[in-house]
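Note that subunit A is present in both complexes that follow, paired respectively with subunit B and with subunit C.
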Partner chain A sequence: MSGKQYYRPGNLEQCLDFLAENGRESVLLAGGTDVMVDMRAGEIDKSWIVDISRLPELWGIELQNGKLWIGAAVTLTELLNSKLLQEHGFALHTAALHFAARQIRNVATIGGNVAHCSPSADTLPPLLVHEAEALLAGPCARRRIPVGEVAAGTYRSALEPRELIIGFELRPRSPFLADFQKIGRRRELVIARVNMAGLADMDEDQRMTGVRFALGSCTPVPRRFADVEALLEGSRPGRELFWEAGRLAAENMIRMSGRRPSFVYKEKAVQGLVYRMFSPLLEA
Partner chain B sequence: MQGNEQGLVDISITLNGREQKVAVPADMSALKLIREVLGLKGTKEGCSIGECGACTILVDRQAVNACLVFAPQLDGKDVQTIEGLNREPRFQALQQAFLDRHAVQCGFCTPGLLISVYALLLEEPCPDRDEVIRSIAGNLCRCTGYHQILSGVDRAINPDAEWRPDVG
Partner chain C sequence: MNLVYQTVGQSIDKKDGRQRLRGEPLFSADLELENALVLKVLRSSKAHAEIESIDSDAASALPGVVQIFTARDIPGRNLMGIINKDQPLLVVDKVRSLGDAVALVAAESETAANAALQAIRVDYRDLPAVFDPQQALTEEAPLIHAEGNLLCRRDIIRGDIHAGFAAAAVIVEQTYQTSFVEHAFLEPDAGAGYVDSDGVLVIHASTQNPHYDRSEVSGVLRLPKERVRIIQAATGGGFGSKLDVNCQGFIGLALYHLQRPVRLVYTREESFLATAKRHPLTITMKSGVDSTGKLTAAKVRILCDTGAYGSYGIAVVSRAAVHALGPYALDNVAIESLGVYTNNPYCGAMRGFGAPQAAFASESQMDLLAAELGMDPLKIRKINALRPGSVTVTGQKLEASVGYLECLEAIEPYYQAAKAEWLPAQVPEYRRRGIGLGGMFYGIGNTGTKNPSTARVVMDQTGQATLYTGCADIGQGSSTVLIQILAETLGLEYENIQMVAADTGRTTSAGATSASRQTYISGNAVLDASKKLAAILCSLGARQLKTAASDLVLRKGQVQDRRDPSRGISLAELAALARKQGIELFGEGRFDPVTTSLDPETGQGDPYATYAFACQLALLSVDVLTGEVRVDKVVAAHDVGRAVHPENVKGQICGGVAMGLGFALMEAFEPGKTESLKDYHIPTCSDMPEVIPLIVESEEPSGPYGAKGVGEPALIPTAPAIANGLALALGERITTLPANLERVLEAGLKAGLFGA
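For the complex of A and B:
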């Protein structure tokens, strides 16, 4: 017997009360697809497993007050089936399409994907380009932080042990271009070597506006690149421009992560993938 | 809900149509519960990290990897394994189509593959080949090369389907 214990709170208040007491000895379980693997590998050694998957406060995808709300316990399959997301968060919808395999999408949650703080989390680049905020609940207060600040580092959360993510608020956008790109060792069920998301509108002068770009799997924490966005913003789409944007993204990656052995490949891959992602605008 | 005095978690599941109560350790996987506690060995253990799909089961009619689900998460859920699905005529037709098209060699991946395809057919009775391929992307087969499996699914969808050697 492992001596581990299971607790499934009936509502958020019970959950917070429990975490106030036992947060440091607890691991939160939503879908469980990462927790199970990490626990079996001995990487998680907590005495309490707290199952938050049935907290109604963590459910739902809704447009409210001009924001797109996505509950932390929403599964990847639910993202994939959401018409609202297809309309207002297409890049995230595309990420859900390429996320692991069906058996995993049916249980894995968006909150878990973010909270796990993997550098290659597929939902992160789309959440970043939608300027998402994570809504956190703790024993005393609720707070919101930019989704890029949930991870303090690779597999390291910035949340307090008594806190949990209850959901995300995205800036809804239906731009001309909204995309997610990913490459890995095979087409399906793969951990990304490179993943990225981009948004761009076109004004009446055929110039790009509202450009957002985020890169995953290449830096300790996925992030937006302001200089890549600035390069594209206000410009007309062009092959050389997109090639240069890709080069700049790769240069950023090397500056932030140092020269790593995989970068011989990733430098070219990042550049090519940026080009591929924005190239539909060439025909705009 | 919380564990009982022995530190076990009392759960209640509907397993293959029958309600069952069982006490499980907090960190036991659904796979271990099904194979070792409940003795149903049709669900296979392959990689144990969610990559091979050999342990695919249906939970509330959705395909999931039993190796990645904690047994207490099954509380109150409808769970179906190959042993229960065996009794359903549509599932039997799928099994027969697999046999007809030689989609089974060593057989280790077969229960998981059948369940993944069946979960797709529950939602979409006439999927196209891309949908079929995507639905089994989480199931590895090291024997057949997948041609026969896709052909078996073709036959299950349309019994008159010709053998198609091409794979998308």
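For the complex of A and C:
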């Protein structure tokens, strides 16, 4: 850990100025629950630690112009305590509930979880189903990209070294079904073996509409599965339908990631978990 | 006989409990030592290889590096092991597993020490390696030690199994497999030391057995025992792993050569890599039962993979055999238990010494037999339960304190209610509920060998008592229990008793904190010492009170006439009197349980003086779509003889259930893969079921105030109870532990439960 310098900008402008100069030599620290682990393992070769946990521009959860804004430095505990999120982003709220353990939730941030580009990031599937956009700030301009494009690959960010995520804009939804599911080797403090999120409304004809489905931990980066969504959209809930949706998700996973030893289990578990997640609709 | 005691049976404040809560006890990493050097160990990256050369010149020249030691620097016997000595402190010519210690670095700083580790060049020549114990026994297998790959064997032969199986109505045979398990105590291994003004090497260490440490370190350094002093530092758990000499030898070696304070603190990764694991066992068990449910015969083969070194392997092999068939009477048995060297990480003591693995097999068999007979699992256990007068598989006749039936009876109302109400309740379609029983017995103390403890109680001139014991309290609570026994016997307030523990410079040996033995064995040594001091006090009091010593009792800080408590004299007065008369007030106690060694051919004998018994009931639900298991409740009935400290007993039971749940569902150390707690999962609070501890007290006549032990028994029934619950829920039995997500899902698939 020796030879690293620490810098804590007081506002976004200072931060961007610093990154404009030293972006390539900097690692951003918000909650630190990933950075500290990587640092102890000797996997960080940058010379600057830039602490962005106190930039006011990265705080807050608000409804703005029909969008749900979540600042990048919002902690998982703050997500969990947010009434707005419970109402307009219930799947993400549920993900926060299953995220690591309390001590980690108290410091870990949503921006950090996304920026780390882990294939198992628990906030990703719910952000994907809410069609979230990441708002990025760089030295010259701000831009927005779909949250699924933050990661260029497993643990590989698509952001410029001089950029940072300042927050996310979600499409607020409070549908009939909004859920997040996770399988781990234990109930807390565990990296997901499989995680997923789903949204679905029911129309007056008892057909599913606005179906969104995203799967994590099974492909290089978490992603929505369009054909699973298409299969369910406009259909009436049914056991065989959900079972088929699960099979399709598993098939997609294998197609995208190739056969891996862990898929002997995951192929079944993904199918089972999709079924379990949508099964409350059977009683609708 | 249900006597009411003053202190025994009361859940008094735990000794040093408040200090612990305030964070005051000093762990080895916290001890202040002036200018202490940092020690680091270079460990093997090969599983089996000859060492052609070790070049430490470049490393030695680095700034801050003080010295680098190899096997050549060891003045004494470079072999360690409490039962058989086969493990070098630093390897001589070859490494036998990943993590073997190759060289020791002493440096001025952590950074310098780590740099030195990087700079040492070791040339290895790879040797063929063997990782499967069955293969290791074949002719063509590479030799791990010159004497061969078979470490030891234990056979138990009794009756006539052919006649027994002929008389059976039902026979079931099954092979069971368990995994390597890491102890995962809170505090990774650590120690620190200095040389005192008398030239004694003083080593503070996180340890379960300071007196053994001393003999090992003095042997390695060829020093008289008096030149080495081991003091147990505050110890954050051990569970058996800290019975091995881990840091102590390295610290001793550095002190010997450098005469400067040193410290060695393992990282979690090093603790995972370089310390003992629980033995994975392969158990093939064939069991027969007649139509009434009475067991008629059993044939068992046990293969224990001890990895590269023996450690406590011989004890595990033997105990697994003795406990292979559980707390049941059986006249016809043939048990073969083998301990085998492989190039896996070495395996040693871990809470239960082979009994948890054996219980998984034998209790699964009991349920299989019951199912074949269409008999209730509780009933078959009752029919075969050991009871007073029963004879064990080693031919030992049990006289008293055989509380297994009482444990089954304590569980029964919970079992019947679970069966009638909980099991049939409506749950989502993809969930299945199950309930399972796990029984066990456990011999207290070492198996058929001497294992004495000693203690000394001293009273000063003001009537204050101090207990000197070698017994290491590693969090389990022995210090509290020993003080309770002393306080009860001398009629003292426990708060005023001073204690000196686990310091080879000031206490005599109490043996290892292992085998659930400290309450029973060291408790008896303290009882003996206290009684001897009580006798002196009574004879002094008799003269003062002009009455016979036999009419006197010690109560409330006084020697009193038992018929007329108003006639008494305080211990303070007696102590002052004794001083005037030049009488020293102390008692020295000793206890060694009465056992006989097991016959080498037939395994017959009385290996333990007493046994603990237990039965646990697990209520669980399984998600057949994902393989997730939720254990909802565990009811745990334990015959502890007498609970000296009931809350502590309950604490042990709850902790044991947690560890047993990990063993059952998630814990598996994969050599060469598992690095630390990041990839080795133990249960969290959220994984814990509600635990209902039930204390059963079937008094042990030879125990201190009737006590036996509970440390290991707490863990043993949990995994079998869960495995049996899973089998009921799934209709398919899992025979390999842990029953993780993959195995549970697969079992559900086989049973045709996976589907919409």
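Keep in mind that, in the parts below, the second predicted complex is superposed on the first by the 283 of 284 C-alpha atoms of A that agree within 3 Å, B and C clash if a C-alpha of one lies under 4 Å from a C-alpha of the other, contacts with A are read in each partner's own complex, and residues count from 1 in each chain.
Quick note on the criterion: a contact is a pair of C-beta atoms (placed from the backbone, for glycine too) under 8 Å apart; a residue touches a chain by one contact, two chains touch by 3 or more.
Computed from a prediction, not measured in an experiment: that's the story for all the values here.
In the superposed model, A:A100 lies in contact with subunit B only, and not with subunit C.
With both structures placed on the common chain, the touch criterion links A:D51 to subunit B but leaves subunit C unconnected. In the superposed model, A:A152 makes contact with neither subunit B nor subunit C. Applying the stated contact rule after C-alpha superposition, one finds that A:K4 touches subunit B and leaves subunit C untouched. Once the two complexes are overlaid on the shared chain, A:R185 sits against subunit C while remaining clear of subunit B.
In the overlay built on the shared chain, the residue A:K268 is in contact with subunit C alone; subunit B does not reach it. When the shared chain is aligned, subunit C comes close enough to touch A:R276, but subunit B does not.
Residues common to the contacts of subunit A with subunit B and with subunit C across the two structures: 2, 37, 101, 187-189. Against subunit A, in their complex, subunit C makes its touches with residues 111, 428-430, 623-628, 666, 678, 681-687, 740-742, 745, 749, 754-756. Within the complex, the subunit B residues that touch subunit A are 1-3, 7, 9, 25-27, 29, 48-51, 53, 56, 59, 62-65, 67-70, 72-73, 75, 116, 119-120, 134-135, 137-139.
The part of subunit A that touches subunit C in the complex is made up of residues 2, 37, 101, 183, 185-190, 193-194, 239-240, 242-243, 264-265, 268-269, 271-273, 275-276, 279.
Residues 1-8, 29, 32-33, 35-37, 39-40, 49, 51, 53, 77, 100-104, 106-107, 187-189 of subunit A are the ones that touch subunit B when the two sit in their complex.
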